[in-house]
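As structure tokens, here come the structures.
Below are two complexes that have chain A in common, paired first with chain B and then with chain C.
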Partner chain A sequence: MNVDEKDGSGVYQRVVLKNSSPYHYLKVCLVLEDELTRLSAVELKHFIITGLKNLYGEVGAALSFDLLKYDEDTLTALLRVYSRGLVKLWSSLTLLGSYQNQACAFRVLQVSPFLLALTGNSRELHLD
Partner chain B sequence: MSVDVAQAPPSLLVCERSSFVEQNNRVGSHVEQLHFNYKVSLLLPECSSAPSHLDSVLKGFSSFYLIRKLPIYELLNKDFLETAVYHGSVYGLSYKTRVDEDTCVALMPNGRLCLSLDKYSFQLLGFEGTRSRFRPKDRHIVSVDLTNNSMAPGGRGYLRLLTGLMSRLPLSMDFLLSHHPGGGASLQPLLSRYDWSEHRPEMINQVLPHLSCPSDPKSCDAQSFLEWLGAVDADIGSENSSSSFLSSFVCPELKTVLSRALRVSICGLLLPPDVHRLIQEVRRYLEQTRLETWASLTVHGFADSPVSWRDNEHGHLRGGENFYTLLMFQDHAYHLYLATGAHDTCPP
Partner chain C sequence: MSVFMDLNLTFTEDKSVLQRMIETAAQLGFSTVAINYMFEPKAKKKPQIPAPTPITELMDQLPVVQGRSRPIRVLNRLTLVMSDSFHFRSTAPEYRCFDLLAVQPTTEKLFHAACMVYDIDIICVSVTERLPFFFKRAPVNGAIDRGVVFEVSYSAAIRDSTMRRYTIANAISLIECCKGKSVMVSSAAEKALELRGPYDVTNLSLLFGLSDKDCKEAVSSTCRSVLLHGETRKTASGIIYTVKSCSEASDQQEAPPQSETCEAPPSKKQKSSVTE
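Showing the complex of A and B:
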């Protein structure tokens, strides 16, 4: 952490924080072979935990993450995970390939250490 | 070789605290130096509708233009340079191109043209450039100052770049364009030659009832406040407990409940002078309101712009984030948070 104060009175303060975010946030979308299949938020979280357990065992299943928001119609979710667990969560999402005997895939749309960044993605600008 | 799976990608958060009455405050320069803004999000606690002076500024963001299949050499057209680039500020950015896979082009208000090219395209163009700071093996940056004497129409550098873009690497792409202060009139000669459309920034107002909020944003730590603000913007509920199965996200401690809050978001190619005007009006609103309150303004840059602040190279990697949040108080104090991702340099 770098602290730069312009004068002694502390009128101007600038602090640079490197890799300080305790969490990372992911915007993910589940793509299923049968597009009519719907999952509830609880089912989705349970499915992701299953993926963690398959790849990393009981230790992986104990990885703490939050399902902040979930849209059942588009199967799109916002996840929050401690930064040190990001790679584990991301890799288990990537390797989840089957849900109730049908092929599936998680599309990781955006990953950021700032939740705010997920609310302003310019790739969603459509002018047509 | 083992890989540390507990290591997260790097990020930067710069926190500035000062006062608008300080002559040396840097809000103006930060706003001006982030050239390509995609979204502005304003949060006004204890407010249900914006006062007229603020509303007119929110609705008065400049229009921008989308030109279909614009040959990039047109940006070197002598008439365009004389009517638009040399007089005023042109904001131009390639549309629907991804800076991590495609060629991206930006024309900055200071007259600098920046091309982010893959290795093959760079070799075809045959113009001086530098290796990308973040992807030196497969990406090159060509950055030229069109207002420099060496790039004056007819000059050696100008002709070399023009020939490269006309014959060796004939780039054409959909392009977003705006001009300050001239607007469409300065761009008309260019627009008239291609398929174009005018777009107004899209504005959405929403009143949020019974919003849990940190009771003292001034003393709230930066990460917690930004997370809470992100949750408000993303419509994420914070009424959870630490034992909830789905989510344990809660509002930062010492919270209060606002009876209502106004959230306004504007999307499009948004110009820094308009953002600056909005900040002035929000400050005026804070001065006039009787309640003890505050306001926050978040400005997101384009994730696929080849530059972020100033002329600093910008890459996407995982999120492409480059945004700032300005938290303003009634006593003219402000907190400014500037955030960037892994493929970005520290904001100035």
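Showing the complex of A and C:
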């Protein structure tokens, strides 16, 4: 990591990442068939770990990831995972298809090596 | 880079389910989808190929693709599940109603014929059972040279863990054989919740042993080349194209009416007479 700051303007800060970043951040949204079902953060994390275990076994379930933020009303979560575990976590989210015998789908909204990038979504802009 | 496509949404009689699927696909960022009509000829009676429902009948207003401010394009596709060689009739007029033509061969002989001879666009790889045969280099390379594309669908892998094993195993053995070229990954979804976003599919394709580049091509440029191949099927080697002038030009490709005499495009069989 190399942070270089211009003297006159302390407002702007340029961050250059020389090596590939250690973490990746995912913003995911769980879509359930029955829209009234609510999950707590613990249940959601357990559900994701079950998905990892189904696809990759015990070794996959040992992959460490964090649930940084979770909004129960919209079922939207922010996950942090080591970059080398990104493909595993993402593919297990993709293949999760049912939660307690009801169909579900994880919509991966954004993936970025920078947490700051998840503050806005360029795909929600309206192009004319 | 070419746009994302999902050339396999399973047709259901229920219109609202189909509409939900198309809406979800547009929301996820797919610019083109194809509605797939599965057809399995029976040995006894003369097979009746289903006629596609026109897109305009299906939906009045096509949803706008996310981030592109353009309506989604919907095509029709026919998949023949073949267990005998007479199931495929190369000159059948019913095939012309569809934009894309796919076969799912169940024996090695048919697989060979599909790769080398049949005038088709897509060869489906079975994902719900153990492969009934091994892929051989020669026919696979022949198919790649002819522009025929192999298709792996992932929604069976979402439904069931046994199917997931077969999907991954069959996909890996295909990709080992074709080295990642001409592979297309599509959903074969039956409902909206079985659809996944294009980047999810790209990431999922990594599990099938595709390289990063091939993964992205599997949902974008390979699909585009299939569409173009499908268009050349209706023309004389892609050189001459016949358009009916009486109907107004439409952006959506609709199914042409079945019984029409002027709607006979010069097929590849007539190539020699056309070029003379």
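Definition applied: the second predicted complex is superposed on the first by the 104 of 128 C-alpha atoms of A that agree within 3 Å, B and C clash if a C-alpha of one lies under 4 Å from a C-alpha of the other, contacts with A are read in each partner's own complex, and residues count from 1 in each chain.
What we mean here is this: a contact is a pair of C-beta atoms (placed from the backbone, for glycine too) under 8 Å apart; a residue touches a chain by one contact, two chains touch by 3 or more.
As the structure is a prediction and not an experimental result, all values here were calculated from the model.
Student: Given the touch rule stated above, what does A:Val31 touch, chain B (first), chain C (second), both, or neither?
Tutor: second
Student: Please work out whether A:Ala41 is in contact with chain B alone, chain C alone, both, or neither, and reply first, second, both or neither.
Tutor: Touch status of A:Ala41: first partner only.
Student: In this superposition, which partner touches a larger number of chain A residues, chain B or chain C?
Tutor: Comparing touch counts on chain A for chain B and chain C gives B.
Student: Quick one: classify A:Leu95 as touching chain B (first), chain C (second), both or neither.
Tutor: second
Student: Scan A:Arg123 for contacts with chain B and chain C and give back first, second, both or neither.
Tutor: In the superposition, A:Arg123 touches chain B and chain C alike.
Student: Have a look at where A:Ala62 lands relative to chain B and chain C in the superposition and call it first, second, both or neither.
Tutor: neither
Student: Now for A:Ala105: first (chain B), second (chain C), both, or neither, which partner does it touch?
Tutor: After superposition on chain A, A:Ala105 lies in contact with chain C alone.
Student: After lining up the shared chain so the two structures overlap, which partner does A:Lys18 touch, if you call chain B first and chain C second: first, second, both or neither?
Tutor: It touches chain B, and chain C stays clear.
Student: Looking at A:Val87 after the superposition, I want to know if it touches chain B, chain C, both of them or none. Which is it: first, second, both, neither?
Tutor: A:Val87 contacts both chain B and chain C.
Student: On chain A, what residues does chain B touch that chain C touches as well?
Tutor: Correct list for chain A: 87, 91, 111, 122-123, 125, 127.
Student: What residues of chain A sit close enough to touch chain B in their complex?
Tutor: Answer in residue numbers: 6, 11-25, 41-42, 45, 64, 66-69, 78, 80, 83-88, 91, 110-123, 125, 127.
Student: Touching chain C in the complex: which residues of chain A?
Tutor: It comes out as residues 31, 33, 54-55, 87, 90-91, 93-97, 103-105, 107-108, 111, 122-123, 125-128.
Student: With touch defined as at the start, can you tell me which chain B residues reach chain A in the complex?
Tutor: Touching chain A from chain B are residues 5-19, 22, 24-25, 38-39, 41, 66, 95, 98, 197, 199, 222-223, 226-227, 229-231, 233-236, 245-249, 267-268, 298, 300-304, 318-321, 323, 325, 339, 341, 346.
Student: With touch defined as at the start, can you tell me which chain C residues reach chain A in the complex?
Tutor: Contact set of chain C toward chain A: 28-29, 66-69, 157-159, 161, 164, 191, 193-197, 199-201, 203-204, 206-207.
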